[in-house]
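Below you'll find the structures, each written out as structure tokens.
You will see chain A twice below: alongside chain B first, and alongside chain C after that.
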Partner chain A sequence: MPEESPQRIILRVLRYNPDTDDRPRFHDFPVDAAPHATILDLLHAVKDAQDGSLTFSRSCRGGMCGSCGLRVNGAGKLACLAQAAPEVREGVIRLEPLTNLRAVKDLVVDFGPFFEHLDAVTPWLVPRAPGQPSELSRLRPEQLRRVGGAQNCILCGLCFSSCTAVTHEPAFLGPHAYAKAWRFLADPRDGAGSARLFALNATVWSCSAQLHCADDCPTGVDPAARIADARHALWRARATRAAPQAPKPSSTLGLRNTAYFYRSLKRYGKLDLRGYPARLGGLKGLALGLGTAFKLWAKGRNPPAAMPRVKGWRDVAKLMKAIDAYEAARAKEEAPHG
Partner chain B sequence: MDKIVYYPGCIAESAGRHVHAAAMRVFQALDIPFDVLPELTCCGSVNIRDKSPLTHLALNARNFALVQRQGAPLVTICSTCLYSMASVDAALTAEPEMRRQVNDFLTPFGLRYEGGVTLTHVVRLLHDDVGLTRLRTRVKKKVNLAIAPFHGCHTLRPAALHPNAGRDDLEAFERLIEALGGRIADFGMKTECCGVHLLATNPEETHHMVGACTNDAAARGADVLVTASTLCQLALDACQGKSRAFAHQHLPVLHIVQLVGLALGLTPTAMGLDKHFVKPDRALRKLYGKAMAPAIAKRFDLVEPDDREPEVPLPSTPPRPSTLIQIRGTRPASP
Partner chain C sequence: MRDVDVIIVGAGLAGLRASLECAETCSIIVLSKVHPTRSPSVAAQGGIAAALAPGDSWERHAADTLTCSQGLGDHDAIETMAKDAPAILLELDSWGALFSRTPDGRPAQRPFGGAGVPRACFAGDRTGHALLSTLYEQCQRQRVPILSEWLAVKLIYEDGRVKGVVAYELATGQLEVFRAKAVLLATGGCGRAFAATSNAHTSTGDGLALAYAEGLPLQDMEFVEFGLGLAGPGILLPEGLLSEGAALLNASQERFMARYAPQRMEGASLPLVISAIQTEIREGRGAGPHHDHVWLDLRHLGRERLASRLVPFSNLLLSSAGLDCATDLVPVRPAAHSAIGGIPTLVSGQAVADAATTPIPGLFAAGECACISVHGAKRLGGNALLEALVFGRRAGQAMRHAAERDPLPSIHRDALAEAQTVLRDLLTCDGPERVAVLRADLQATMTAHCGPVRSGSDMRVALARIRALQERFRRIRLDDKSRVYNTELAEALECQSLLTVSEAIAASALARTETRGAHVRADCPAREDARWLAHTLAAKGPTGPAVVMKPIVPTVPLPTERFP
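So, the complex of A and B:
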């Protein structure tokens, strides 16, 4: 196979020095990229030969430590795993720091809020009993299967950066935090149980299912799926525990919405938009709902007064009831943390 | 290609009815025979799985079994419907034990699903099966506007459900718009979230997301924004200007089927553009000028009031499929 020659490309880096710059600016570095160079290789080449002040985070250079996250042509990647050649656009690769975090210098960002949000989910194992015997710490592989990819998180921040729920909802903890919470929720050894789960209820419903996190995660955590797991666990906790501190659908919009959606499908086979979402309750919801309902009515787009049912809706209801019964029986059998 | 099973989705059948009607008129105009199956339920969106993942699987498997009886592909105009259904199909295809469990619940109703349903987004139907070459020959009115292509989330993600990590789908949507005569006004937020799934639980967040996307598109000089999904069209149209963080751009938001209809020579009223929250008057003025029929022009405030023509009624049931030209075309080979 003939040797491929290095490719001359422009590395366009968003630079920022708080001591001298009023705002970030792009700076072009011409660099010869070897055939299988990574973005990290190119950053090192620039720092070594052109500008020693170029600042970026890195450590293992092998996709394990999570230090070198940045945006390559707008998409979050680990610099050590991203090959340079496929990223060239008209001779240029654009590099920017992660978003949703304040740039400290060049490509380095302040991970403070990222870790604060992580702390909020108690990101460590709380033993079931103090000094529990070591036998209880041994797990069979199938017991850890529920944890799934949530164990793999290297705290690289790519999910946090790409998530616009983080951008627009200050209370949203971030995909990494909910994934970490699930890592312990699904672990049979964890004794924090319901407190850990119920603490998520206030904010986990602010995920809009945009799925950037699922695609950007370099280690297969799939935070979006872990958020769905946590929401399902919240629902089941409400269903199977009579504990007064369990989140009640009457008090949480997220759970209320889930209950409404399900009831609607059981009754009609479709989502009943009459008065939705105002019917979820609350004065604010009512005001929003009435305003929107009036506007829709004025444009002839209001849902029909009588909600049509799908053909065969009785079968649909029977099917859903059969699954209800099956799941209720399963819930009774399973251990509380099973 | 034979007839399709057109799956409008719950939004299209109520608050998005104008897009539903536009889609049916476009299928008619393109001679695509279609049926809407009254037995098909909601896909469960991203909500049913929170209550019961098994119910999410079973409802969709039931839909798939019913669609397979028609021997026709399912075509949807809603990206979340496609995501919901495709994720169920992928799970059932990959896990025989899960499929067996779901089929145990379906068997009492004489139904069974063993995989193989064809799920298609209307963008891919137009791009792959109708084909851009054929579509160009049917264009009567080039939609010569700066068009911001809003892909949103579920047309492209998760990568596992889209060939080539969504690049194919991104290209298909934008080349489709160009084939209709549109000029792409590229903008960075085109693959970001409109926030529609938060409308019930955290509407302020939706408003901010809508504001961020429409502001970016407007800053790139877009005349209109075109979406691939009924849900995105609903949020981006209904929630514009509601966030205090972002100015109201008054950017008209069309679903791709509405744009296709305009390009095929159907009127803006037939495409339901008079039913939008953000009025498309300025964009239509740019597109048609005084060339519009007087009645339509009057509705969109382009000419002086004149004798009204009767309004084109929205069909409440799908038109009877007639013996029409079969659309030939092939789906791209799997990678």
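So, the complex of A and C:
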């Protein structure tokens, strides 16, 4: 194997020293990068030989502990798994701390809010029955299939950092929290059941499915898919009219939206956008509806007064009924109790 | 000063399990230098052993453990661990641990290490993560008070008992005294004493150093297990690679195992392979610009086989070292993996002060930093995770009893002022030395002289170098003078821990003039039961570390002869 020579790189780090700085500033560190160095290797090289005050978090250096999340050229990565060479842009690699969390010093952020949001989803198994069981549970691998990647979360914060819903919606708990909620929702041993699911209704709909969380997650959790799973479960819970505490379709904008799309597809085989904002309900909806209608009329785009159904709309309705029946049957086997 | 019933230092598997045992009835505080979910327990990959299968029994598990320990395991501890194991698994399952399952729904168990029967339960290749997550969740449920990113810097040991700790808050640089009726040290391993290790950066043996600094002994420190590590990152390679058919080559591309184990070649026992690699490197046949590793050759296995059998490993190689094992040679060398030795304790987790096992009131230890000893001279695969949970739980029970029975002790010395002086000295010292340089020198010394194969002259050199490094440490200078989040200061404190731990390892390794299990002496290749069927205890002495022997605990001999 031919020996490659080290490459001279500038590590441009957004530094912040709370003792002396009023705001963060970039600082350039020239460093010789060994051929297969990771970003973490370079950070250590700078701290060890040039400036011991360069501050960053790390522990296992093998992608398992979740300590070393940061932004490399704007993208969320674990420093220990990010190879440096592909990240060089005109001789420079730019490093910044995660966003959506307060920078404490250099690349270290305060994970307090991240863990507080996690608490809000009751992130532990609630036993079905009191007392210690006398035997090990019997769970066939397919019964645990729905948990999927949700169990892999190492709480690294990359999803939280890249999430615009976290940035703009104070009540949104963060992709990690919904993924953790799903991990228990999908576990047949969990006894928290419907209560756990319905508690998500208030905030889970704020996700706008930009999928940065899914892209950045280093362990295959795919939080966006877990959020979709949770929303789907909320929708299905309403459909079975099971427990009295089931969320009413009118309870949140997300459920009203879903109900609207559902009815529209069943009736027309496509989305009926007439009066859509108004149908979502309330005076606000009516005002929005009138405003939208006016704008469309001003642009000369008038929606048809009569809504033509798509050809084959009956098949769409039949398919939807069949899916409903299938999901109701599966929900019965997989339903959380209690 | 904060007063509590129980202080737990370390929030890995052992520390968290102990906390669950006493959180309901005692006031407790858990101090962890990283957030609990970052604890090195998270990286454990093998499995957790328990005699669950119909053809298995705790007696068999205990017998396997005792055999593997090369006679040095304590029978009472081994019996306790093997008996407790099924209950530990049941408890983890009731808390929702996501074990891999067989098609009929039972937790799957796979063969591991030298166990006669497959008894390692596992969760994919992320067993440590699954277990740590589960314990952390239960700690959240029970609202266990955990202070994250606090380092314990001093054990308050006075009038023959432990009365608390002084701890340092990384975020603010503040020191605080915590007074308690019971202190548990659960600080994990010390692999970072070596240049190549599977261990996290934070595995620096802090708890061991805290005890040793107060004159308390450390047991069996010479037994350090080495595995096959990726040169550079040090990440441990799965043992199974060698049984998959990989070849080992030295600098001249020679398949050197032909000279050490001509029949079994790379399939020989792992310690033999590791010793062979070490010998090749020591005798100048190592590859690379520093001649410090050998090559692992997987190219002949072909992409398909690599894809189907070795996916997580291949991916990790690619992301952390940029290597494609289908086309590249993989540089490997012995990597320190787990510390068998540690703070000597009884089966209850209570620490002891001497060869007579005199208990030290107020002090407990559990997990990798404790030595009871269940592993003796060599650890059976699957027992490390089990040990942490079994004895974490027992230590928690013992501390709960201590809290009910004992009064809060009065502290007479000004422990806070002592710790403040140490910190102030580190921050203001203006010598020519850097933490990183001293640490690298220490790691190089330990790798070269206290590795998988050692000799008496090696250890003497190591001890002299460690002493010199301790001197140089007095003339250190930190770049970071801040009180806020000073990771360089934290690394300086960790470096001190490593120097202490290394001294204990080298001294114990020098004292034990035989080869047994993980301790291999090139100059004393035989096992000497007549003299050495005993533990070692290394403690700080006036002129350097002093090592004495401590008897093992035999009870009724376990029926080892029944099982091959």
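In this text, the second predicted complex is superposed on the first by the 315 of 338 C-alpha atoms of A that agree within 3 Å, B and C clash if a C-alpha of one lies under 4 Å from a C-alpha of the other, contacts with A are read in each partner's own complex, and residues count from 1 in each chain.
By our rule, contacts are C-beta pairs under 8 Å (C-beta built on N, C-alpha and C of every residue); 3 or more make two chains touch, one makes a residue touch a chain.
The structure presented is a predicted model; accordingly, all values stated were derived computationally and were not measured.
Identify whether chain B and chain C fit side by side or clash on chain A in the overlaid structures.
After superposition on chain A, chain B vs chain C: fit, no clash.
Quick one: is A:102 in contact with chain B, with chain C, with both, or with neither? Answer first, second, both or neither.
Neither: A:102 stays clear of chain B and chain C.
Looking at A:292, would you say it contacts chain B, chain C, both, or neither? Reply first, second, both or neither.
A:292 contacts chain B only, not chain C.
Nearest 10 degrees is fine: what angle do the Cα centroids of chain B and chain C make about that of chain A?
For this superposition the angle at chain A equals 140 degrees.
Contacts for A:60 in the overlay, against chain B (first) and chain C (second): which applies, first, second, both or neither?
second
For A:258, using the defined touch cut-off, is the partner it touches chain B, chain C, both, or neither? Pick first, second, both or neither.
Only chain B is touched by A:258; chain C is not.
Who does A:319 touch here: chain B (first), chain C (second), both, or neither?
It touches chain B, and chain C stays clear.
Once chain A of both complexes is superposed, is A:8 in touch with chain B (first), chain C (second), both, or neither?
neither
Check whether A:169 is in contact with chain B, with chain C, with both or with neither, and answer first, second, both or neither.
After superposition on chain A, A:169 lies in contact with chain B alone.
In the overlay, answer first, second, both or neither for which of chain B and chain C A:248 touches.
neither
Look at the superposition and give the distance in whole angstrom between the closest pair of CA atoms, one from chain B and one from chain C.
Once the two complexes are overlaid, chain B and chain C approach no closer than 16 Å between C-alpha atoms.
Considering only the defined contacts, which chain B positions touch chain A in the complex?
Touch residues, chain B against chain A: 10-11, 13-18, 38-42, 44-55, 58-59, 62, 80, 105-106, 108-109, 153-154, 157-159, 165, 188, 192-193, 195-203, 205-206, 208-209, 212, 238, 274-277, 314.
Quick one: in the complex, what on chain A touches chain B?
74, 164-165, 167-169, 205-206, 208-212, 214-215, 224, 228, 231-232, 234-235, 253-254, 257-259, 261-262, 264-265, 269-271, 273, 276-277, 280, 288, 292, 295-296, 299-304, 310-312, 315-316, 318-320, 322-324, 326-327
Quick check: in the complex, which residue numbers of chain A touch chain C?
It is residues 1, 3, 17-19, 35-36, 38, 47-49, 51-53, 55-56, 58-67, 80-83, 85, 104-105, 108, 111, 115, 119, 123-125, 127, 132-141, 143-144, 147, 151-152, 154-155, 184, 187, 189-190 of chain A that touch chain C.
Quick one: in the complex, what on chain C touches chain A?
34-35, 37-40, 42-43, 52, 89-91, 93-96, 98, 100-101, 103-107, 123, 126, 128-130, 133, 137-138, 140-141, 171, 200-202, 232-233, 235, 289, 316, 319-323, 328-329, 434-437, 440, 478-480, 482-488, 491
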